[in-house]
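Got a structure for you, written out below as structure tokens; questions coming shortly.
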Amino acid sequence: MMTFDALTGVLLVPLAAAALLAMLPGYRVSARLNVVATTLTLVCAASLFFKRPQPGPYLLVDDLNATFIVLTTFVGFTTSIFSASYIGHELAIGRLTPPFVRFYHAMYQVLMFAMNLALVANNIGLMWVAIELATLTTVLMVGIYRTHEALEAAWKYFILGSVGIALALFGTVLVYMAARPVVGEGLDAMVWTVLVKRAGAFDPALLDVAFVFLLLGYGTKVGLAPLHAWLPDAHAEGPTPISAVLSGLLLNVALYALLRFKMLLAANAAALAPGPLMVTLGLVSLLFAAFMLYRRRDIKRMFAYSSIEHMGIITFAFGMGGPLANFAGLLHMTMHSLTKSAIFFAVGHIAQAKGTQRIADMGGLTETHPLLGWGLILGVVAIAGLPPLGIFMSEFLVVSSTFARAPLLAIILVAGLLVGLAGLFLRLNSIAFGEPRGPVGKPTASYAPMFAHLAIVLAAGVYMPPALVGWFQNIAGLLG
Amino acid sequence: MVLIRDFAYQGAQMLLVLALAPLLTGFVRKVKARLLRRRGPPLLQPYLDLVRLTRKEVVLAESASWLFRVIPYLVFAATWVAASLVPTFRTGLLFSWSADLIAIIALLGSARFFLALAGLDVGTSFGGIGASREVMIASLAEPAMLMVVFTLALIAGSTQLSTIAEFMASPQVGLRVSLGLGVIGLVMVAIAENGRIPIDNPATHLELTMVHEAMVLEYSGRHLALIELSASLKLLLYVSLLACLFAPWGIEAAGAGVPALAVGIVAYAGKLAAAGFLLAVFETSIAKMRVFRVPEFLGAALMLGLLATLLRFVSGSF
Amino acid sequence: MTLTIALACSAALLALGAAAIVIGRSAAATRVVYGASFIIAAISLGAGAAHLLAAAAPQTMTLPIGVPWLGAHFRLDALSAFFLAVVDLGAASASLFALGYGEHETAPQRVLPFYPAFLAGMTLAVLADDAFTFLISWEFMSLTSWALVMAHHRVPENVRAGYVYLIMASFGTLALLLAFGLLAGSDGLYAFAQMRAAAPTAALAALVLILTLIGAGSKAGVVPLHAWLPLAHPAAPSHVSALMSGVMTKVAVYGFVRIVFDLAGTPAWWWSVVVLALGGITAVMGVLYALMQHDLKRLLAYHTVENIGIIFIGLGLALAFKAHAMPFAAALAFTAALLHVFNHSLFKSLLFFGAGAVLSATGERDMEHLGGLIHRMPQTAFVFLVGCAAISALPPLNGFVSEWLTFQAILLSPQLPSWGLKLLVPAVGALLALSAALAAACFVKAYGVTFLGRPRTRAAETATETDGFSLAAMILLAALCLLVGILPGLFIDALAPVSVALIGERMPAQLGAQWLSIVPIAASRSSYDGLLVFLFMLVSGSLAAFAIHRLASDRLRRAPAWDCGYPDASPATQYTAASFAQPIRRVFGTVVFRAREHGEMPPPGDGRPARLTVELSDPIWDCLYAPLAAGIGLTADRLNRLQFLTIRQFLSLVFGALVILLLVLAAWS
Amino acid sequence: MSRIDFDVAHLLAGSLVLISFLELYQDRLYSLLNVYAAHALVLAASVAWQAFVQDAPHLYVTAAIALLFKAIVIPVALHRIIARLGIHREIENVVGVGLAMLAGMGLVALSMVVMLRVTHGADPLAREDLAFALSVVLLGLLMMVTRRNAVSQVVGFMSLENGLVLAATGAKGMPLVVEISVAFSILIAFIVIGIFLFRIRERFDTVDVQALDRYRGEQR
């Protein structure tokens, strides 16, 4: 009987909960259990800050992924609260049947497990497996409504995701090939801690090829244009809690994988700089998504595109590198997770209150549902990068630090930001303002998660605790 | 002692312009009549008109507001102050520094501003016509005037009328192109501002051709008297302005003694007469132009002024 | 100390805003919020004025917020103190006005929370001493004012106005962000002190100037970046319109001055060319736009554009003189600009208050539906008249003083060596004169059509005088307009520390001059004495009145209007705003706005009324903004096709990306 | 490693590429499936050979999976699906076969160029294998994007995945190979079941992907 430590907790709790939830019938119990499980996971994750296990051949906790884990478990926790009320409503109106709900809860925990595993994996193979698992679970949940659109979105996600996985695997194999002559055969050649230490001696050409495949493979998961196609539909057709988790977490996890490999390449002097590739993809995604915002009619799909936009910004920031940009990237990622999930909470309630996701059918939200309406506005203001909310700070740092180094890039970036902002508010105006349209019934739901996220984002925009700052700066240094 | 004497001079100047203004108007009318082979009204007719008007009761339109009744005094005050700050027979008056040429123009501007408001106050169509045309003319005349002022200021190195006048009297002004342009521009502006032919006809009440007269159509009695008086004050002002700027001969420099003073007064009277005569000749020899030709006329003035200023800017600084 | 007070005040305002969210719907909320913000703003105003008048040394403070390793720097120097005073004077008067006006608000819970936050944003913007704090306050100011513009969101125009406003505001902020990025360098020295020390290269500084012109200019409403202003300012509740027009644009001017005069190092001579040209164009275009309007609040908004132009002309001259090391002249131009900043904040707020009073009394903003209000609301009419005279630069009011000073500065500029300026400055002078004259015309129209004549609608007929608070606010501002007009020396001297700090020289002390007159350079050169002119007019006017009433008749009889013998025509026959502007429209409009008039006259015997329709086209919108919007729309449409591909096509995208990357790799070495 | 080992491995890998080309060439579903079965067979052989060469017994498991699952079970299942759907005579290339072949050539050349630039530190066997594996992957992808029919897309995906397994087994001593191949088999099973599911639920009358694309959330 091994002694219980936080790390195993982070992995075991969701797994056990998944098994349990798969067996439990009743909705209320399972929803509660779901919340309890995520709470426990969060507690375990938080405890990682204080006591950290030694990195083994399979698992590892360092500054970088500790941040991701805590973020993931936290959003997972709030989302479980949100999903409790959301799914309840779906049951009530009969969009979901109890068996599906049971399946949903089990899958939710599996997803949590998969993401945590991907984050703590100290082994590129293991990480790959975990991300594949996460993909499959989300595929199943996206299709859960069994409508034409849902199945089609799931299928699209599935196919594109599988191809992405395949490419990522090829990249992983190549990395192993590069590592083997230096590290020697066997497990060690796939262990992070070892790889990063020895990366200097690897065959650069092989690493280059590997990175191309990894970039495309995991980039598909991150949702970078032109690999993004699955993302909008998956967000739009799945249950909203899943949209929140997708945007808020899964994209981050994929990005985390990319960062790891970027560090690997950065450690090898002869290899090509991963920066330019990431910068290009980031800018392309940003501009593309920004323009796509204008013609959106489905509210969830719109915010899905805004997720693509922000993933572009984050990738751009990390691609630029340097302490400021990296710091900004991390900050932006954290803020985006919180804000975007908050927005999806709001959107979920709105869609349930209005009985539709079509933007044309909602209007004057600040009249009919003031709390929801202003919550959404606050969220959009945050996501558009307006002060005093957190994303403004990260965008401030990215733009100002970039402009001194590469003016042209900065100008493209700024143009993209502006176009995106205009697109978002074009839609927001018709949703939140103007003559009220659609039903005015109040959804019986708790807005606590939404406003909790927004409060954190607001606070972070004005004041960041020095501990957290030191933490981020440390990571930014690691990323080089 | 000196202060008192200066006060006396200043007061004398104020009274002088007040006294002379109607006379100038009457003189111009008389000469015009003679040129048209009419006998024309007696020279002092304007005074008699003013007296008669002040004795009459005021017939006020029902829709007129308190502003309508205040405006005549405002207009009169502004015009009078402006007129009394222009050197006539003597420079360096006590308060001449209290408002330079720009301020004088602005004072006339405020007079016009309020007069135009008066045109709109009663709420009749003719008042509206007059007011809108007046501001249109002014919106071109004022910049033109300012441009001329710039030219002079740049030549004399001051916007202070007394200083400019003294400088102009001094020999160091050679003949200058910019000056020539300036004087033409100023004359055109003066004609427009005083509503003389060809811009406007002070004698007619033919609705569609009139500007100034349409604005004051609703005035009667003492109010009308004040308006008329300010009109003639304005004419006098422009004449003496032209005189002291472009024909500054004989103006007594401050404290040059009694004979010089006498010379100054005589010279001033002579200049007024000459200017009046010229004006009359000009008006009788030209026809009134359509209202919408006016912008071209004034645009030309503005261009002249701008040209003059440019010349000054380019050819040396002071 | 004063800095601490100012910061405490803005913190209090923020707290007030938060509280207003809670109590927003209660009946007393309006009184509480506006009353509190009045008191707070008054205190803050005191702090700013005290610091300015005492010519105290700059105070700095750093709070542990904002960018973590940097902290939030705040600094109160002469410039900040002056603008702090401007901001809080406007804020205090607006709050006072709103104490009465706010009662008419239909949706107070949409105004009350944002109003104090807006004030706080403006206050913090002038106090900030590092790029991040400045930008966050700046954009916070925009955001809150956006929310206020959206207060009456059921009106579609307002939503559109808010949309345009928000985009332009973010555009400006991003431009400023880039400018600061340049000044801060790649290792992020964001504190203003560090930027001052850095002393950027000429090319860098030039870029900074351009970006600052775009950033601050778009907020101030410099043509052609003014497009949002006439939409947004009228859309907000009137006291907010007053703040946006009278104060927020001044914060923008502050931003420009702070960056260009303080941070961007020594100016090159051509900077002034750019600024002067923009200023001149802005002044004339603004007033021409205004002349074409018949919506009272929009007319006022366009006049803000004009006055911003005048301010920028002053600043441009200051730059020119500074670049050519003529400190005295620079100080004169700079002081003129700052004084005009102060004056404009006074009379523009006053005029917007008046418009607000009219709006709440009649429910009308369209002048064509007003008229004759002078009978129904005499006090409002009087103070509004003062405002009109002041903004039309009529002596002895304050507007004239600052324009007079600007003219004096222009008259100094032949001494400038560079030829570009020699040719440009006179033209700018002409433009300035033209805009001044046109402004007078425009306000004859505004006042005459709105307050004079006979009421054109029932609403105008039944209007009632506005409440005491609003009147108090307006009277206060009117009195200040007169005070600055007759005693300009006081205020010019108060501005001395600012120009000493930024120009290195100051205008000669004015209070020594005889009879309290102001002497920009030398008495022989030019001088002006508002007090004396005022007394002169007072004495001579009352003298004339006294004489006539005593010696001649003072009898008066009311009768129908004469009107060349046409008996009582209906009020509809009065001159309207459109017909009043017609001559000027013919002169300028045909060129600038491609104005066309279609007269439709039915044949005799036909009962239909004859119609005259006027077509105006906004050149700047058509040439700049419309194509931009169209371009974005087109791109969006094109790209939107990518939403509708088949899975196979998406896969081929991935495939293509892969192949391209591999090719790049193969071609790498 | 002796000469003969290298040659055999090289032969098998090369033939895998060749069969990929054959797949591209097919325009009947049945024959496509048969070719794919051959593909899987060769893969199994090459994996087994690698197991023998590297004497890594666990690779035999992978070989077995390839043999049983990919070479037998899946083709059979797909056969039955095609039979059920009655789409066996559908010819659904987007670009002509010839063009596809040309593109394939280009891809193989590209993968050669990319891989042979790898410095010679890595042992030759692995390098060759990698080059071939990359070409197989690219050809599979090419197949996926040039075919409209879902079944042939699946086949394309599977041959792509064969390429991966080839690479993985070629990477000497790489751990988790078995797990990964298992995971992939599960993945493929999912896809097949997916197609099957759509059929059973009577939701889509054909598995032509364009039918799926009709439902795209927001209509044009």
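Odds and ends about this structure:
Order of writing sets the chain letters: A, B, C and D. Residues in each chain are counted from 1.
Here, a residue touches a chain if its C-beta (ideal position, glycine included) is under 8 Å from a C-beta of that chain, and two chains touch if they have at least 3 such contacts.
The structure presented is a predicted model; accordingly, all values stated were derived computationally and were not measured.
Considered apart from subunit C, the assembly falls into separate touching groups, namely A, D | B. Contact with both subunit B and subunit D is made by C.
The most distant chain from subunit C, with centres taken as the mean of CA atoms, is D. Note on interfaces A-D and C-D: more C-beta pairs are in contact across A-D. Rounded to whole angstrom units, the spacing between the C-alpha centres of subunit A and subunit D is 31.
Look at where the CA atoms of subunit C average out and do the same for subunit D: the two points lie 69 Å apart. In terms of their C-alpha centroids, the spacing between subunit A and subunit B amounts to 78 Å.
A separation of 35 Å divides the Cα centre of subunit B from that of subunit C.
In subunit A, the residues that touch at least two other chains are 155-156, 159, 163, 167, 209, 232. Across the assembly, subunit D contributes residues 114, 117, 141, 144, 153, 212-213, 216, 218 that each touch 2 or more other chains. Residues of subunit B found to touch two or more other chains are absent. Contact between chains, per the stated criterion, is found for A-C, A-D, B-C, C-D. Listed in rising order, the residues of subunit A touching subunit D in the complex are 123, 125-126, 128-129, 132, 136, 147-149, 151-153, 155-156, 158-159, 162-163, 165-167, 169-170, 173-174, 176-178, 180-181, 185-187, 189-190, 203-206, 209, 232-233, 236-237, 296-298, 301.
Of all residues in subunit A, those touching subunit C in their complex are 155-156, 159-160, 163-164, 167, 208-209, 212-213, 215-216, 220, 226-227, 229-230, 232, 272, 277, 288, 291-295, 322, 324, 364, 366, 381, 384, 386-388, 392-393, 396-397, 399-405, 410-411, 414, 417-419, 421-423, 425-426, 429, 433-435, 461-464, 466, 469, 473.
In the complex of the two chains, the subunit C residues touching subunit B come out as 371-372, 374-375, 378, 381, 385, 389, 392-395, 400, 404, 407-408, 410-411, 413-416, 422-423, 425-427, 429-430, 433-434, 436-438, 440-441, 443-445, 447-449, 452-454, 515, 517, 523-529, 532-533, 536-538, 540-542, 544-545, 548, 551-564, 566, 569, 571, 573-575, 579-584, 586-587. Contact residues of subunit B toward subunit C in the complex are 14, 51, 54-67, 73-74, 76-78, 80-81, 95, 97-100, 102-103, 106-107, 109-110, 112-113, 116-117, 119-129, 131-133, 135-136, 138-143, 146-147, 150, 153-154, 157-160, 163, 205, 207, 217-218, 220-222, 225-226, 291-292, 295, 302, 305-306, 309-310, 312-314, 316-318. Listed in rising order, the residues of subunit C touching subunit D in the complex are 643-648, 651-652, 654-655, 658-659, 662-663, 665-666, 669.
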